[in-house]
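Order as written gives the chain letters A, B and C; numbering starts at 1 within each chain.
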Amino acid sequence: MTKKGSDTIIERFRSITENPQEYAKSLQGKGHLLAGYMCTHVPEEILYAAGIVPVRILSSHVSQAMTRSYIHETYCSFSHDCAYQGLAHHYDFLDLIVTSSSCIHMGEAFNVWVRFAGFQGKSFLIPYPHIIETKPAATFMVESFGEFKRFLETFVKKSITEDDLERAIKVYNHTRRLLKRLWEILKRENPPITGPEVATVTLASQMMDKQECNSLIEQLIQRLEAQPGKGPSGVRLMVTGGACDDLGMFDLIEHLNDNASLIFIDSCTATRYFWFEVPEGRPDKLQAIAEGYISRIPCPAKDNVPGTGEKKRFRFIQQFIEEFKPDGVVFLYQRFCSPQPMDVVALKPTLDKLGIPSTELELDTTLPITQFRTQLEALVEIIKGVTP
Amino acid sequence: MPYSLTTWNEFKNYQNTRYRNYLYASEGLRCMGSTWSVLAPLKGLGEDVYIIGGEPHAASTAGTFPEESREDISAAETGGLGFHSCSYLKLFVGEVIRDRIAIPNKTIKEGYPRPDVIWTTHLCSQHSKWYQEVSRRMGGIPMYPIDMIGGGNAEKDPKIVNYVSDQVEEGIRWLERVTGREFSDELFIKAVRNEIKVLVLWGNICALNRHAPAPLDERRLIALFPPAVVDRTTDEAVQLYEALLQEVRHMVETGQSVVPDQRYRIVYFGIAHTYGHPEMARILRDAGAEIVASVYTFGTCGNFRGIVNGKWSWEPLDPRWVDELDLSTRRKTITELVKIALGWPTWQGVRSYWALEEMARAMVAEYKADGLLLAPSRSCETDFRNGYIAMQRIFKNEIPTVEYDSDQVDVRKMDLPGAQRKTELFVHLMEAHKRRSA
Amino acid sequence: MNNGKILAGLDAGHVNSKAIIMRGQEILGYGNVPTGFDVVAGAETALKNALENAGVARGELAGIVATGIFRDMIKVPPLNVRRTVPDYVADAKGALFLNKNSRTVIDIGGNIHKAVHYDQNGNLLDVIQNDKCADGLGIFYTTMAKTLGVSEQELSELALQSTKHVSVAIHCAASAESEAIDLMCQGVDIADVTDAISRFIAERVAAMCTTMPLEKEIVVAGGLAKSKALMKHLPGLLKQDVSVLNLPEYVGAVGAAMSYEGGK
């Protein structure tokens, strides 16, 4: 690749997010088997060790009503849009689809693919704990992952060795470390990359062959280290919430009337995807994978620590607030999501105590740009009013 | 001549007593949580354990105090809970916010009695978060949520049974630590046998509706299963359901029914139907259409044979089998209890579309249905809502099928005129179908 | 069937009240007025207009049959409706009368839309009606026309000039309306916005229809069937050919009149 700066590389990532099927087919063209996954609780390492490239299924971004005769209206747009991908045959070329039992809306999107979109014989549902912070959950995960591994061995007609798993773990951990480094650049006052650009890279990574992804991110970071900042940060805004694969939302945050900078996103389409590591070099690889996935920033659908009833995600959020120093927080989640608002009501008092103003935006397939802009600009006004 | 159940008042009294005990006990242990959890472990803590369950409490409050319920839901929304959140949860949390509680014997008490522990489960993606919110508002209550996982044939999967059993076992140790009480295996085993027995008995009672005329209608079924939901661990609960089973068997033998005029038999998939929906009940009643089988009333607190060779069977289990269960150790007892809970149609159907479809197919066949009525709740992401729209698509070709949106307790979310229209349409389609088949 | 009697069919809908005057198989006249808040007055005015249009005196009517959402409310004097039939029954009979080869009618009304499947005699086979979130498509269309400062016909004509595909929120009419306005504020071409509005309606209707098999010939009825922009999208979404009935908004009223002698 010729040295044209970081923008070229970011464009490559953006192009993948805009043409995910094209990219996935190119992988198939190189001889890869492909597995679509709908939830980041799927242990991708096991797929990768089997020689299958996991590609995340995200929204179609098409405003359509077709899925309303398959799934109830009051399920989130994201689940409807992902279901639509299957019904519209956008991913018929996939060799397999996989999900882990998690939120019910996404479970139903998966069911639509299996029942009505032709994936009955090429699908796997991984039973995954809903209460994570327990010893029994860890044991159960290992057993469940073991069943998944055996299924894949039958599927690909070869054994998945411990070495295969260790290699996959290392590749994925490398991705995680690289992405973390990228996000940490946003801690700076004058970073050479914007939040929306980092979000683009992260989103693309979920659909990519990780070795290729790692190589690109390494090149990107190298270029960024040599580049000047893009300008001083404006009002620093952090997003926390659910899946948002509409990059236009993040562009909007950085194109308000007042200068605002997106400096962190806590969601499964951003940092929750990778902000952990799987222990390397362990004798029991599935155990290691389980341990790693348990240590993730919890999804609100699975966040309840037995005994205290604590929401463990809040510890992470406070840590991110300390490290990334947002001036304000944007709660961003899908309309009709059930676990997210339950967290919002509990998190707001914490933000109040930290003196951090917030606003809430509900996502749909289409973005009501003007309304969102108004709310975001109001938040920025409030921040400018309260910040000394 | 419609039959009048003789056991009716005992059922009402039982339910009321449980609630009064929770509200007014001057000592003992107050436990709160979903009654979709296994309840018997709580009873291992002593004979002075009083339970309040989120779902039955919200349901009965909404039925008894519609205005109060509206205030509770508004208070929850004003307090920050989302409009789209579960309405049971909002009603329940709303009571905590307003610090006042209403129970079905028409009592409204100022001052919400604080639970000592929360023992619950995580059925949907916000289920145990319900109690996180209650705990937060009450200054922090120790809570233990059990992940039942669920899914088709779950009770036959050793991995799942062990997982849930391990949690219950750990949960019992936690209960001891948190309450400071010594756990009595004797009390526990007795409670487990009662819990399983009630579930099996209820299954037997529901299965009698396969007869024509069906002895019980949905209105009675809804009113008769709450004791099983509220507290199914007591000797009294067992006696109630044994007596009811005898009575309903007698009704079948003598060809009697609470609603003798049954021209159309309906299978219903949805939350408690006539509850809060008297207009729909009237439309059906006028046409002689009765709900004879309902996955919610049958499957929330009842056990059946379940998946047999890949197909669902609503055949009940023999209650005598419960007496023969080997409950000689704590672990064995936990395992049997967990297996029965995992065998509930609700736990299976919520997390497994194919189990839900098999249940519907079997129910339509076994109960000889003339129509399938689907009423997903707009406030409940489970209540099988996740399968109902797809079920409409699948069954519409096979049997008159109509879907209307409802809500478990939030009247604002019910489109009553629309639901009435669709119920009328449903009757019309069944009539047309019957004429064609004649 | 009606032996030369002059009959009136009344369709008392949420938004409009329609009346038709028939003698045997012949349509003599019709009338359509806004229902307003006085349902009886709305039905009475529709009937009066239809009679005038037909050149028939009130006393010549042998009977009136009512259908529509408010059919039971208009049974009272002075209308003295002879009998009422559910709207889906009337739709089946009316559609069959207007197109003998039809077997499915998709009726897109002010508040409710439905698809009705019937046999060669107009007997009901199956019906699917919209879910709650999809209520009010006709009302939405009318409101959007007013908001945009155009007539409903102009809205359709503008939509046909669209050159760019934009979308509005699909969950419900309230969201769609809000986003349509948002798009206008952003300077999106009115033609593209009106096309998005038309497509929104077509998508909601099509999604409902796929729940049951649609037997050919498929016809479309209701006031919104007159929107060419909407009808441009519907066949593609259904992946089926459809045709718009003559007098599409009167299908229910016709079916009601056809039901005078009874039969379901």
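The rule is short, and it goes like this: a residue touches a chain if its C-beta (ideal position, glycine included) is under 8 Å from a C-beta of that chain, and two chains touch if they have at least 3 such contacts.
This one's a predicted model, so the numbers in the text were calculated from it and none came from an experiment.
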Chain whose Cα centroid lies at the greatest distance from that of subunit A: C
Chain pair with more C-beta contacts, A-C versus A-B: A-B
Subunit B-subunit C separation of Cα centroids, rounded to whole Å: 42
Between subunit A and subunit B, centroid-to-centroid distance (C-alpha), Å: 36
Distance between chain centroids, defined by C-alpha means - subunit A, subunit C (Å): 45
Overlap residues in subunit C, where contacts from two or more other chains coincide: 131-132, 210-211
Set of subunit A residues in contact with two or more other chains: 68-69, 74, 335
Sequence positions of subunit B contacting 2 or more other chains: 378, 392-393
Interfacial residue positions of subunit B with respect to subunit C in the complex: 378, 392-393, 396-397, 400, 403, 405, 415, 418, 421-422, 424-425, 428-429, 431-432, 436
Complex contacts: residues of subunit A adjacent to subunit C: 62-69, 73-74, 77, 335, 364-366, 368-371
Complex interface listing, subunit C residues touching subunit A: 131-134, 167-172, 175, 178-179, 182, 185-186, 200, 203-204, 206-208, 210-211, 237
Subunit C to subunit B touching residues, read off their complex: 69, 86, 88-89, 112, 123-129, 131-132, 135, 210-213, 264
Of subunit A, residues touching subunit B in the complex: 68-72, 74-75, 101-105, 107-108, 111-112, 114-116, 127, 129-131, 134-137, 139-140, 143-144, 147, 300-301, 303-304, 306-309, 311, 335-339, 341-346, 348
